[in-house]
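Labels for the chains are A, B, C, D, E, F and G, by order of writing; each one numbers its residues from 1.
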Amino acid sequence: MTAFYAFFLTLPGAAAIEPHLPVLQVIVPLLTAPFCVVFRNGRVSWAWATAVSWLVLFTSLVLLGKVLAGGMIIYEIGNWPPPWGIEYRIDAANALVLVIVSAIGAITLPYAYKSVEKEIPESRTYLFYLMYMLCLTGLLGITVTADAFNLFVFLEISSLSSYVMISLGQSRRALTAAYRYLVMGTLGATFYIIGVGLMYMMTGSLNMTDLATLLPAVENTRTVLAAFAFVVVGLGLKLAIFPLHTWLPNAYAFAPSTVTVFLASTATKVAIYALLRLTFTVFGNTQLFATTGVQELLIGLALVAMFAGAFVAIFQNDVKRMLAYSSVSQVGYMVLGIGIGTAAGLSGGIVHLFNHAVMKGTAFMAMGAMLYVIGSVSLKDMAGIGRRMPVTTAAFLVSGLSLIGTPLTVGFISKWQLVQAALVQDWWFIAAGILLSSLLAITYVWRVVEVAYMQPAPADAPRGEAPWQMLVPMLIMAAATIWYGIDGDTTLRIAGEAAKALIGGRP
Amino acid sequence: MSYAVASAAVLVAMILVLTRALKGPTVFDRILAVNAFGTLTVLLIAVVGFLQGRPEFLDLALVYALINFIGTIAVTKFINFQDMGHGSTAESDPGDI
Amino acid sequence: MPAVDPFYLDILTWLFVIPGCVLLIIGCIGMITLPDVFARMHGAGIIDTLGLELILVGLMFQAGSWIVAVKLALILAFVFFTSPTATHALARACLGAGVTPKVDDQQSAALSRRGRS
Amino acid sequence: MMHRKVVLRVVSKFLIPPILLFALYVQWHGDFGPGGGFQAGVIFGSGFILYALLFGVDAVKQVAPPWLTRLLLAIGVLMYGGTGVACLLLGGNYLDYNVLAHDPVHGQHLGILLVEAGVGITVAAAMVTIFNVFAGHSQDGRRGL
Amino acid sequence: MIGPLAHMPPGDLMVLALCLPVIGAFVVLGLGRWENARDAASLITACILFYVVTQLYPHVAAGSRPDIVLIDMVPGLSIRLTLEPLGMIFALIASFLWIITTLYAIGYMRGHHEENQTRFYFFFAIAIASAMGVAMSGNMLTLFVFYEMLSVSTYPLVAHHGTEDAKRSGRVYLGILLSTSIGFLLFGMIWTWTLTGTLDFVAGGIIKAEHAQGPMLGVLLALFAFGISKAALMPFHRWLPAAMVAPTPVSALLHAVAVVKAGVFSVVKVIVYIFGIDILSAEPSTDFLLYFAGFNIIAASVVALRQDNLKRRLAYSTVSQLSYVVIAAAILTPLSLIGAAVHIAAHAFGKITLFFAAGAIMVTSHKTEVSQLNGIGRRMPITMAAFTIGALSMIGLPPTGGFVSKWFILQGASAAENWFAICVVVASTILNMGYFIPIIYAAFFRTEDPPAPGGHGHDDHDDHGHGYGIKHDHGEAAWPMSVAISITATLTITMFFKPQIAVGLAKQMMGF
Amino acid sequence: MVHAFSLACGLAALWWLLSGYTIPLILALGAGSIITVVAIAMRMDVVDHEGHPIHVTFRWLTYMPWLGKEIVMANIDVAKAIIFGGSRIHPIVMRVKATQKTELGHVIYANSITLTPGTVTLAVEDGVMTVHALTRGGADGLKTGEMDRRCTAVEGAPGGES
Amino acid sequence: MTEAFKPIYDLWLQFEAFMAGPGSPGLFGYWIVIALMMIGFYIVITHDNLIKKIVGLNVFQVSVFLFYILMAKVTGGTAPILADGIKQYSNPLPHVLILTAIVVGVATTALGLALVVRIRNAYDSIEDDEILAVEEAEDK
C-alpha cells in the first residue's frame, strides 16, 4: 500500500492532486453520476461507471497508502475551519473501509454488465448505473466525513439509491422489500439525526473530533445518554443488527443480483464503520460505552444475531435468502468485535468487515451467475449444479467454507481474531458462541453442497457457465477469499492500525 | 402576546384537524384534513415568524401554501383511478379531476 | 409605513386575531363534527377564508415594513385563489370516486348522483 | 366547448407565471441566506408540475423536452460540483470560494451564486423529471404515479 | 535412501508427499472415462507416494526433524510441516495401506458394480493427502486444517451410494466430526494460542505451569480430547457406526488407513507435544481422560458383543481399540506412550485385515451378519485365515502386532502402578475374545446353513440387505481382494516378529 | 402580444414588491427572470385572456368588497351551524343558473361560490352549477341569483377578447 | 392571579417563551417534538396501510425538523468570523441542516409513494397484512 502511494507520487500532476484526494474520493463519483442521465444508454453508462469506479478504487488505494505511511489526513471543505465547515478526516480505519467499498464497487461493475442486461429492462439500466454511482458516493462519503451531520446526508444518499436499486429486481417482491427497507432505513437515519441533534444541542458542534473533546464534560447528562442511545439504535437499524434486521433478508433476496453483491459487501459494512466511529471516536472519551450497558447489549445482540441468523438461514430454500440470513449472522460477528471493545476485538470486527465483504461478494456473485444460467436460486433447482456449473459452484463452495470459518479462508482469520480477543478478556461464553455458531453455518452451507454435488442433475436441466464477464470477477473474489485467508497478516495488520486509530492509546 | 395566542389557537386547530386526518373515514376526509393542516401550517409559519422577529419566514409560508395547493391537486388527480383503498366506479375517468 | 402609535396597532391586531382564532377553532370543530366529507369542506372553508385572513390581516398591522405587508398580502391572495380551487377539485374527486353527499331531501339526493355528470 | 376542469385550468393559467417568477426571486435573493437555490428549485418545479397536472405530461414535455430536463439536471449538478472543482483548480480547497475572484468577498458572492444556481437548476429539473417518469410511465395501460 | 529422490531435501519430500495424492486425484478425475487407466493411475500414485514416504524415513530415523513452513498466515500462526517419529509411523502406515486398499478397492468396486467410481478414487486420494498432512503437521493449526480436510473429503465416500440413508449417515458423520472439532478443538486451540502465543509441536509441550494450572488444564485437555472426535471417545463415537453404510474400502480407510488413526494420532500428539506428560501427570484434574478411555474400552466391547452385523461389530471394536491408544497415552509413562504409538500401527494392520475380510465375504457371498457365517471358512479359507489373524491382533495374542503394543501398554501401566488401566486391559481382552472367537469358531467348525427357500438373487447389489440375496455357491474372494487380505494379514504377523520400525520410531518420540 | 406585455408589467410589479432592491445586479437578474418567465409562459400557452385577464381587473376590484361581505356573512352562518348544530345543518345539493358567457366568468362564479363557506361548487356546466350547500341560509342566498349577476357583470361584455 | 391558575399561567408563559424563539426553548418545544415523534413512530409501527406508514414516517421526520429548528434558536444567530477577517453572510449551520433534512425527507417520501403505487399495481393492495399473506402463500 505504501509502495502504491509512492508510485502514485511519481505520476505527473500527482503533487497537485494529492492534497485534494479526500474530497475527490467523493466528488468524482458524485459529479460523474449525472452523466448517466445525459447518456440515457445502458452500455455507455456502464462503461462510464466502470471507468469511474476504478478511478475511485485507485484513489482509495493511494489514500490508504498515504495513511499507512504518514498517519491521518485532514481536509477542510471550503477551507472553513470546523465546526462550521465540513471536515474530511482519514485514518487507517476509514482508509480501509474506503478500499473495501471502492474495491467491491469496482469489481462488481464488470460483473454487472451481463447480469444487469439479463435482469433489468434495457430502458432502466442507465437509471441503475446512476443509482449505483450515487450509492457508491454515499458509502464513500459516510466513510470519509468527520462531520456527524454530513454523515447522515451521505447515509441517505446511499440508502435512497439502494432503495431504487432494490426495487429494480425482477420479482414484484422486490418492491415490497424496497418499501420495507425504505421504512426501516428512514427510521434508522432519523434516529441517527435525532442523536446527532442532541449532541449538537449539548456541544454546539457537529465535528466528530470536536464532539469527542466536548462530550466528556457533559457526559453525565441525560441528553448525551439519549444521544448515544439514538445513534446506536439508528445505526443498528442500518447495519441490520438483530432484531433490527428484518428488512435485510428480503432486500437481499429480491434485489437484482448485482445489487445484492454490492450492498451485501458494502452497505452494512459502512454502517458498522459508522457505528465504530461514533462509539469509539465521538463517544470514545466518555465512559458511556462501558457504563451504560451498551457494551453488554451489543454483545448480547451480536450473539443472538449470530445464532438466530444462522439458524433461520438453515431453513431457507431460496439460497439468496439463506445467504441474506447468513449476513445477519455475520453482522453479529462484526458487532461482537465492537462489543468486545478492546483493540483486539475491534480489529477482529474490522477485519471481518473486509473478510465478509469478500466472501459474501463471492457467494452472491455465484448466485447471480446461477440466476443467469438456470434462472433460479432455489435449492430445488440446484440439483447437481456442481456438475452443471462447476466453476460457479466451486466459487460458492469457497465462500461457504469461509462463512463456516474454515482455515485458509478469510472467515477463519476473523473468527480466530475474535475468539482470541474474547479469550483474552476471559469471556469464554463469547468464544464458545462464535465457534458454535459456525456449526450452524456448516449446516446451511452443507445443505447447498449436498444438493449441488450429491444429487443427480435432471436430464433437461440447463447447464453451462455464466458469461466470462461474470465469471472473472467472481473468481477474483473467490481467490481473494483464499488469498487473504492465507495472508491474514496484511489485513489483520491494517485492521489493527484501524483499531488503534479508533480507540487511540487505550487497550 | 397576540402572536402567542394565535399560535396557540393554530396549534389547537392543528390537533383537531389531525384527528380528522387519522379518523378518515374516507380517503377524501384525510385529503381535506391534510389540506387544512397545510393551511394551518402556513399560518403557523407566518405567526411564528412574527413572534420571533424573522419575517423572512413569510417566504417559506408562501412556498408552503404553493406546495399545499399543488399537492392537493396532484392527490385528487391520482386518487380517482388509483383507488387508494376505496371502490371507484367503472365509469370514472382517470384523466378527470 | 406611516408612523402610528403601536398601541392602536396592537388593538387592531387583537381585534382581528381573536375572531380569527375563534373562527379557526370553530372551523376545525366543524371538520370533526359535520356529517360527511362534503359538509366538512364547509368547515375547512372557514379556516381557509376568514380564519386565515383575519389573522394575517391582524399581522399586517404589525408588519413594520412594506415588504412584509406585501408578502402577507401575497399569501392572502394566493390562498384566496387556490383554496376554492382545491376544494372544488376535491369535491369533484369525491364524486368521481362515487362518494356522494348525505343530503336532506330526495331531490337533492337525485341531483347529487347526477352531480358528477 | 365547456370543459369540466375549467376552474382548475383558469386558475392555474393565472398562477403559473407568478409562481415561476417567485421561484426566480427566491433564487436570486437566496445568497443572503443559504438554501435559496433549493427552495427556488422546488417552486420552479412545482410550477411545471402544476402545468403538467392540468395539461398532461405530454404538454409539459413539449414545453420542457426530456432531453432538456436531463441536460439541465446534469448541468445543475455540474455547476454545483464544478464550482467546487474550480476552487480546487484555482488552488483552494474544495468549495473554498475565496479563490474564485481577486477579492475574497466577491469570490464568496460569486461562489454562492453559482452553487445556488446549480442547486436550483438541479432541483427544478429533478422535480420535473421525476414527475414525468412517474406520471408518464404506465404498466399494462394503467397510469402510475 | 535409494532411487531418483535420494538427494531431494527432506522438506521438499514432505511437500511432494502432500501434493502427490492431490495430483493423483486430478489425474484420476481426468482419466475418469477410462476405467483401467484410472485405476492404474490410482495404484501408481499410491506406490509413488509410499516410495516418497520411505525416502523420508532415513532422515527421521537418523534423528533429524524435517521442517518447512508453507504459509505464514499471521505472526505465530503458520501452515508448517514437521516430521517427527510418531508422524513418520502414521505416514508410513497410511501411504502403505493406500496401496493395499487401492488394490482391494479395484476388486471390490468392480465386483460390486459401484457407481461414481471416479469420484470415489478422487476423494480417496484427497483423503490420503489430508492424512499425510495430518501426519506431517508441524503445529496444531496445520493439524487442524488437514484434520478438517480429511473429514470433508471422506464425506462423499461415506455417502457414496447417494441414497437418503447414505446421506443421512453422511450427515451424522460429518456433523459430529465437524461440530466437535470446531466447537471444542478449535476452541482449545485458540485458547492455547492465547495463553502461549504458539501452536507449534514442541518436545515437552508448550503449555507450561505459568500458562495454565489446576482444573483449567483439565478443561483444556477435555476440549482437545473430545474435540478430536475422530478418536471416537464416547459420547462422540456415533459417527463411526453411522459410517458403516459406506463401501468396504471406505471402512478400511476410516478404520485403519486414515481417519481414526488421525484421531488417536492427534490425541497422542496433543498429549506429548502440546501439554507434555510432565504437566499432565502433575495435575490430577486431567486424570479423567484415563477413566473415560477405560470406560470406553469396556462399554464399546460390550456393545460390540451384541452386534450381529459383522461390520458394526468391527466398528464397535474400533471404538474400543482406539481407546487403548488414548488410555495408553493417558497413563503418561514413556513405555505406555510407546505402546500407544505401536498400537496405532498394530491396530491399523489388524483392523484393515478384518474389514477386508468382511468386505470380501459380503461381495462374494452377500453375507453381512455374523449369524450367517457358519462354515464360511471352508469356502473362503484365505479370507477367514486372515480374519483370524486380525482377530488375534485385536485380542492381543501372539503372534500378532496387537500383542506387542498391549505388552508395552501393560508395562507402562505397571510401571506407573496404574491398576485401573491394567484391569481395563485385562477385562477388555476377555471381552474381545468374547466377540471374535465365536465368529472364527462358526466359520471353521460349524456346518453351512441350507439356502433359505426363494432366497436367491444373484446380482443383488444390496450390501446391507440383512440376509436376503445370499449366494451359496461361491468360492474364495476375487484375486485382488485375496492378495490384499493376505498382505495385511502377513504384516500383522510381521509386526510381531519385526516390530523394530514402529517401536524404534516410538522410542525416538519419547526421546529414548 | 398585448397579454405578453401586460404579463411582463405585472411580473415586474410583483418583482418590485418582493425584492425592493435597487442594486443593479438584482435589477438585471429581475429583468432576466421576467423575460425568462414570459418566454416560458408563452411556450406553455398560458398567456391569453383567460390566463391573464387584464380586462376584468377594474370590475373585479369593485366586486371584491361585496364578495368580502358575503364571505363574512357566510362564515358567521356556518360557524353558527357548527356550534349549534342540529336543525341548522341542512345539507342539500342544488343546481343554480350561471349566466356568464365565458369560462373565465364561470370560474369566477364557481370560485366565489366555493369561497363563501356553506356552499361548494361540485360541478360546472354550461349555464348550470351543481352546488352543495350546508345550511338553508347559504342555499337561499345563492338562489337569489345576486352573486350570479355580479359575476356576470365582472365578466363584462363577452367575445371582446380572443 | 389566584394560586389555582398559577400552574396554567406558568405553562402559558413557557409556551410563549417557546414560541418567541431566541433564548431557552424550555421544555415545551421538546414535549411537542417528543409527542410528534411518538405519534409518527406509532403510525409507522402499527398501521398496515402502506401510505399511512409513509405519513407516519413524515410526521416522525417533521418532529426532527422541529427539533433542529428549536436548536437553531439556542446556537444560531452568530456569524463565524473567518481567518482573514472575512465575514460570512450568515451562519449557515442550522438552516442548512434543516433544509438538508427536508430535502432528504421529501425525496424519501416521493420514493416511498412511487413504490406504493407500483406495489399496488403489482399486488392490488396497499395493506401490508394482505401483501404479507400473499407473499407467505408464495413462499410455500
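We adopt the following convention: a contact is a pair of C-beta atoms (placed from the backbone, for glycine too) under 8 Å apart; a residue touches a chain by one contact, two chains touch by 3 or more.
Quantities reported herein were computed from a predicted structural model and do not represent experimental measurements.
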Listing by label each chain that touches chain A and chain E gives none
In terms of mean CA position, the chain most removed from chain F is E
Centre-to-centre distance between chain D and chain A (centres being mean Cα positions), rounded to whole Å:
34
With chain centres taken as the means of their Cα atoms, state the distance from chain A to chain G in Å.
29
Approximately how many whole Å separate the CA-defined centres of chain B and chain G?
16
Length of the line joining the C-alpha centres of chain B and chain D, rounded to whole Å:
24
For chain E, residues that touch 2 or more chains besides their own
none
Expected list for chain B, residues touching two or more other chains, is 3, 59, 62, 66, 69, 73, 77, 82, 96-97
Residues of chain G that touch at least two other chains are 88, 92, 117-118
Any two chains that touch count here, so list every such pair.
A-D, A-E, A-G, B-C, B-D, B-G, C-D, C-F, D-F, D-G
Using the touch definition from the top, list the residues of chain G that touch chain B in their complex.
12, 15-16, 19-22, 49, 51, 73, 117, 120, 126-127
Under the stated contact criterion, what part of chain G meets chain D in this complex?
84, 86, 88-90, 92, 95-96, 99, 103, 110, 113-114, 117-118, 121
Quick one: which bits of chain F touch chain D in the complex? Just the residue numbers, please.
7, 10-11, 14-15, 18-19, 21, 26, 29-30, 33-34, 36-38, 40-41, 43-44, 46-48, 50-53, 103-104, 106-107, 110-111, 121, 123-126
Chain A partner contacts - residues on chain G that touch it in the complex:
37, 41, 44, 50, 53-54, 57, 60-61, 64, 67-68, 71, 74-75, 80, 82-83, 88, 91-93, 97, 100-101, 104, 107-108, 111-112, 115-116, 118-119, 122-123, 131, 135, 138
Counting only contacts in the complex, chain D reaches chain G at residues 31-35, 38, 98, 104-105, 108, 112, 130, 134, 139, 142, 144-145
